[in-house]
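The chains carry the letters A, B, C, D and E, assigned in the order they are written, with residues numbered from 1 in each.
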Amino acid sequence: MPINKPERIIGHRPGVLHEQASQARILWARYDADSLEEGEFADFADLPAVPQGACLWLDIVGVPGKAGLTALEQHYGLHRLALEDVQNQGQIPKFEDFEEHLYTVLQLPQGAADTAETYQLNVFLAENLVITVHRGGGVFDPVRKRLQANRGVIRSAGADYLLYALSDVAVDMGFPRADEFSARLLELEELADDGLHDLSRDIYALRRPLSILLRQARRQRDVIDRLLERDRAEFDGQREVYWRDCLDHAERYLETISHLRESAGDLLNTHLALVSHRMNDVMKVLTVMSTVFIPLSFVVGLYGMNFDTDSPYNLPELGWRFGYVYVWGVMVLVVSGLLLFFRRKRWI
Amino acid sequence: MPINKPERIIGHRPGVLHEQASQARILWARYDADSLEEGEFADFADLPAVPQGACLWLDIVGVPGKAGLTALEQHYGLHRLALEDVQNQGQIPKFEDFEEHLYTVLQLPQGAADTAETYQLNVFLAENLVITVHRGGGVFDPVRKRLQANRGVIRSAGADYLLYALSDVAVDMGFPRADEFSARLLELEELADDGLHDLSRDIYALRRPLSILLRQARRQRDVIDRLLERDRAEFDGQREVYWRDCLDHAERYLETISHLRESAGDLLNTHLALVSHRMNDVMKVLTVMSTVFIPLSFVVGLYGMNFDTDSPYNLPELGWRFGYVYVWGVMVLVVSGLLLFFRRKRWI
Amino acid sequence: MPINKPERIIGHRPGVLHEQASQARILWARYDADSLEEGEFADFADLPAVPQGACLWLDIVGVPGKAGLTALEQHYGLHRLALEDVQNQGQIPKFEDFEEHLYTVLQLPQGAADTAETYQLNVFLAENLVITVHRGGGVFDPVRKRLQANRGVIRSAGADYLLYALSDVAVDMGFPRADEFSARLLELEELADDGLHDLSRDIYALRRPLSILLRQARRQRDVIDRLLERDRAEFDGQREVYWRDCLDHAERYLETISHLRESAGDLLNTHLALVSHRMNDVMKVLTVMSTVFIPLSFVVGLYGMNFDTDSPYNLPELGWRFGYVYVWGVMVLVVSGLLLFFRRKRWI
Amino acid sequence: MPINKPERIIGHRPGVLHEQASQARILWARYDADSLEEGEFADFADLPAVPQGACLWLDIVGVPGKAGLTALEQHYGLHRLALEDVQNQGQIPKFEDFEEHLYTVLQLPQGAADTAETYQLNVFLAENLVITVHRGGGVFDPVRKRLQANRGVIRSAGADYLLYALSDVAVDMGFPRADEFSARLLELEELADDGLHDLSRDIYALRRPLSILLRQARRQRDVIDRLLERDRAEFDGQREVYWRDCLDHAERYLETISHLRESAGDLLNTHLALVSHRMNDVMKVLTVMSTVFIPLSFVVGLYGMNFDTDSPYNLPELGWRFGYVYVWGVMVLVVSGLLLFFRRKRWI
Amino acid sequence: MPINKPERIIGHRPGVLHEQASQARILWARYDADSLEEGEFADFADLPAVPQGACLWLDIVGVPGKAGLTALEQHYGLHRLALEDVQNQGQIPKFEDFEEHLYTVLQLPQGAADTAETYQLNVFLAENLVITVHRGGGVFDPVRKRLQANRGVIRSAGADYLLYALSDVAVDMGFPRADEFSARLLELEELADDGLHDLSRDIYALRRPLSILLRQARRQRDVIDRLLERDRAEFDGQREVYWRDCLDHAERYLETISHLRESAGDLLNTHLALVSHRMNDVMKVLTVMSTVFIPLSFVVGLYGMNFDTDSPYNLPELGWRFGYVYVWGVMVLVVSGLLLFFRRKRWI
């Protein structure tokens, strides 16, 4: 049961950072259209200055402690409240415009396939500066390779374009997990097909994370939409087509998750209907069977009575030469009659 | 389970086209109010120039590979991101305004009758130029015939009107499939009428594609609505009445699908109620039957006991002259009493 | 299953009219504050001219064929697309502003009481001209009588007011049918009261047309609302109070239908709960009965065993003087115990 | 089943008033900050003139007939359409601005406690004039007393404030009925607690009027909201705080009704779950019981067979010295086994 | 069943205060960036004046009676209607702008863990003045400590910032209760896991307070949103980042409650499915068992008949040497056949 509780102690002042022993690696890249320098360090004392006429990308893998975040605050003017959010995992995807810089939170999938577990991607954008903070090592390697390859606009289009490229990765990361949910759903569909197992719990177990992902997907779409709006307002829509493409992906992800969730619901209902139908079948056939034998048992009980057969009125059938045959005849008649009746009523 | 996954590899730069071995035929038509030239070729090297004062319509049947799309990009200035979407089937119906041209995606029905399968119709609109890319050969033949017939406004009203005519075809293509769903639903309704079969799975199987179509229909309506808005803004609503007519059809299609989906839901519920009612009937009658015979079996069992009848207190009835008759009397009384009770309670 | 399919063949040019053999009577009235002329003709060649300073109302009963509609187009400048819609029954209630004239579609109730069947009312409004096309003879007689009576504003307030008066009739026509649905619902409620019949199908059969009517009522309300808006914009709200009154009726109709639909749903649920409760009652009493007799049957079976009573350990009860009395005692004890247990558990 | 049918005959002209034999008392009050005159009359011929620099409040108890309403129309310029609505009970709460005066309709609770029955409160507001028409004698006595007491702003703040005071009464009148619904719900909750009675119909009977009240409450909230907006627009929000307070009450009433309705739904579901759980309990215990006795009956039946025991292979147990004991042993074993199995499966 | 009834008597004038015997402690703090004075008194006669160039915070613990509130009204110009609301517990969270001061109502959690009980926090904000009225002693101690500590902006940023700090506490107070609900839900989930208990009532008992909290959380979010808007409008968004942080927390709380409620619904459905599945299991196995024994009982009954075995046609099997063995054979065959049939049908 995820409680997205802010970790700040109630009533304490906002923007307080925790000492936190997490190790953080800092990958950096300084690039312009012509050149690219890269490197890595572990000490926040070594933070490079923001270059003029070039871009700096700091990719911080791990969640820095108080010292590291304070260094970021002092070097680059990042806002305290944003840094506090960096330390608190479980933020809702959001977009905040602190005057000096932007702050975006997205959630990237993590861990076991069919859960809604995610980790937080924090992106700061200021002039010529992009800082990403997250726990997923290697997730941005493809972007790094595009920077190295010096192809396309990524090297020349500045920090804003880098933000787009990173957001695009974050959005597209959702699809493999959606694939896994889809596969699991297909698997359950096949299992459900014979109506023998009770799968309702499995299906519910699948639907709940989809509900959580659906909310995140909605929020994520809104974040991308606001980034698109910002581009339109601030840059006359220069990169608008890229953001729109990213928004398009975010919408497709949202549709996919929403469709998966709906499918899980449909599967559940089909499954329950099937189980109930099988149960009805069982009950019906068995009940018909009992009903057929109940009058027979009565008949054989009847002729098991011990009346004194000296009296000619007491169970005269017992003394008949073909009494036994007669009883069988009666029983065959009864059974045939019942079966005929059931068939006419279409119960069997 | 459709995953509308963008096929771009995560983190790769946008607008990368695939080599793809699909064959594409290119039908072309160059027309103005007075003349019409038509032809077909298969090599993207032969792409004609955009005429002045006349319209060019390229109808590309099949999905071109990288070479073909690059030729389109260079000849007509189509945007890379749009061309990437052309290669990725499964786009959501949408409308994008790349400054140099418009790009519209709609979905046309395809394949087996009662599924939600569609193929993608891509339409590009630039000055004097319309390019359609899709997999459905012959779908636009009626429009081609109207061009040849030189009747109505289609020859003289330019590329915008052609876009309208094509959109109109795309919208109207939905109705035959809706008809098929309707027929299938009627069929199920008749089958469901006797409450003997378990149709819940069939009905669910019908409802799911309707859910998918409903979403597409909603998106399609929005696309047409935006095309109408654009006409109003750009051309002072010259062709507004035509677009409004098209929008009207899109809304009727949406209503039809929405109504079909609702009807499927209603049918399901009626069906389940009927099945449960029949089951209740079966159970009730059979239970009444058992209940009637249970006391009778007790009675005949009673007189099957082997007590020593030397004692006058042990089963004296066995020695009576009319003991057997008396037993039958008791049993008739019991049965009559029970049946009377059941009838008074209106259980039978 | 209504498919509101446009009858135009896919891809054909819009605005094509059908030859259609339907007979149409044309009632006309030319009036101003002082005078009123009326008449009827059957030939569209005789269409009168639009008067200056007076109003012309053509009330066309029946759906004209191609010739008639073309005549209307040529005489009064009616738009082709609107005329095409006149021929296609099953339009959604709508309001279209073709520059030369307005075109309004409403649906009037028709046929069997508890269905959603309607026929289409088309109204054209141009300067000094109102044309109505519909299949319902006599539906506008009250309005005609008001014109003849020369009372109230209807004679002097022009074509716009006539449009209002006709819309008002169309809206109010819905109430008698709502009354019939209400009566049918009341009837079902009484039938449902004893829980003996399975009414779920009847209730569903009532709810489905209500769903269709609900949608139409919503659309109709929107149409009236837009007519009110137009009056406000164009005439400084001169007749606004009348349109508002009409809108008020449209809203009450919508509320009524919506309430009826909700009531049908409630009735269904109450009914299902009652049926299930009765079933439970039946099952419980019958099961209690079987349960009481099952141990008794065991007891009498016990003493029906044929063990060799020479051994003093084999069924010694059979030889007792009061064995039979003893067995009855045992059985009375068992039954009393069970009944007590059931009563304590409050099962009976 | 309430059909809010307008009573106007279809097609008749709007604003026609009925002759109607209802008696109406007219209470009047003419007041300014310094003086207050009050009185009562029954004849509409005696209607007083609207004073200058003072306020006139006519409180008409009962629904006047045609003569009375026509007098109101002529004396105070009330609009025909509004007067028609006064005669038609069952209006939706609404607010209409006829240029010469305002017209507000609210619904006041009436009659049996747990129904949705209401009667209509019509309020007209013109300069220095407030007219209320309703069927509830004495409902505005508290307001009259405040006028008499000459405390607070009510005497000096004019007709608009009086409208506020009356609306406030109308809104607050809803709470006692909500209290009664709440009490009835609590009562049902206690009854439902043992799961013995079928309360679903009672709960539905409670939920339906709540649905109707909910709609009215929503409309009423909107009416008050529009009155607040009007005050803000027209008087620079002088009395805005009062209207906001009234709106706050209307919202609380809406929340209360909405909460009660939700609670009724929850109660229903809890109740149904409980009933079904009890039924399951009954069925389970009884079925376990039958199942235990069924093999026992078989065993005793077995030894009731009449095979010729001359053959040593035929039922040799019958001849055993401890045969009877042995049978009891077998039966005890069978029962123990079954009970153990059931307990292990946790069915008992 | 909470009825949020305003306690004002119907029709009485608004703003009337009750005599009320509740004791109220008044904690005060007067501070600017450099100095801080604190104190406590119990008599409203001692109310301090609003300082110039410094802030005064009155924290009133308890609900004052008429005398106290009147003193507040006279000293600080608080509005009568707001003071009336202070006395009426159960207000909906709201934000009102009385020109002289702001008035905010929030609800703080109170009492037993898994209920929706709250008490009311009233905050007044005027120039240099913040007044809080509530029943929760000590709830604002952390804020008081921050004032004393003279760290951060709280001492220098004025009354508006204090309002923010207090709102932040109020919002964050919700999370511990959400935690408790989450824990209770987890507990129920574990209990529900074996499907043996009927937990539907417990789950409903959990869901109902969550519904109430959800509404409050939505309102609370809106209040914070309006405070953010006000800051943006009035102060050029100086403290906007703080309010946005607070809004972010309010949204997370809302999401958490909404998620908990949804989870409770899911749990309920899973649980009901599981219970029904277990019931089906029981019924199936037991029915299979009966069905197997029913034909056996018939067979043994058959050979318990007392036909006269002098006739060679009457029950010849009884005289067979291996008759008993033969019967057992028949019975084994019957049982095997049935079990095979059941297994083939996959019922067991």
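Rule of thumb we're sticking to: contacts are C-beta pairs under 8 Å (C-beta built on N, C-alpha and C of every residue); 3 or more make two chains touch, one makes a residue touch a chain.
Keep in mind that this is a model prediction, so the values were computed, not measured.
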| item | value |
| --- | --- |
| Neighbouring chains common to chain C and chain E, by label | D |
| If a chain touches chain B and chain E alike, it appears here | A |
| Computed distance of Cα centres, chain D from chain A, in Å | 41 |
| Chain centre separation in whole Å, for chain C relative to chain B (CA means) | 25 |
| Interface hub residues of chain B, defined as touching at least two other chains | 283, 287, 290, 294, 297, 301, 304-306, 315 |
| Ring order of chains, beginning at chain A and proceeding to chain B | A, B, C, D, E |
| Touching residues (chain side chain A, partner chain E) in the complex | 1-6, 8-14, 79, 81, 85, 91-92, 94, 96, 98, 194, 196, 198, 200-201, 204, 207-208, 211-212, 215, 272, 275, 279, 282-283, 286-287, 289-290, 293-294, 296-297, 300-301, 303-306, 309, 315, 317-325, 327 |
| Chain A residues within the chain B interface of the complex | 140-143, 145-146, 151-152, 154, 165, 168-169, 172-173, 175-176, 178-179, 182, 185-186, 241-242, 244-245, 248-249, 251-252, 255-256, 259-260, 262-263, 266, 269-270, 273-274, 277, 280, 283-284, 287-288, 290-291, 294-295, 297-298, 301-302, 304-308, 311, 313-315, 345-347 |
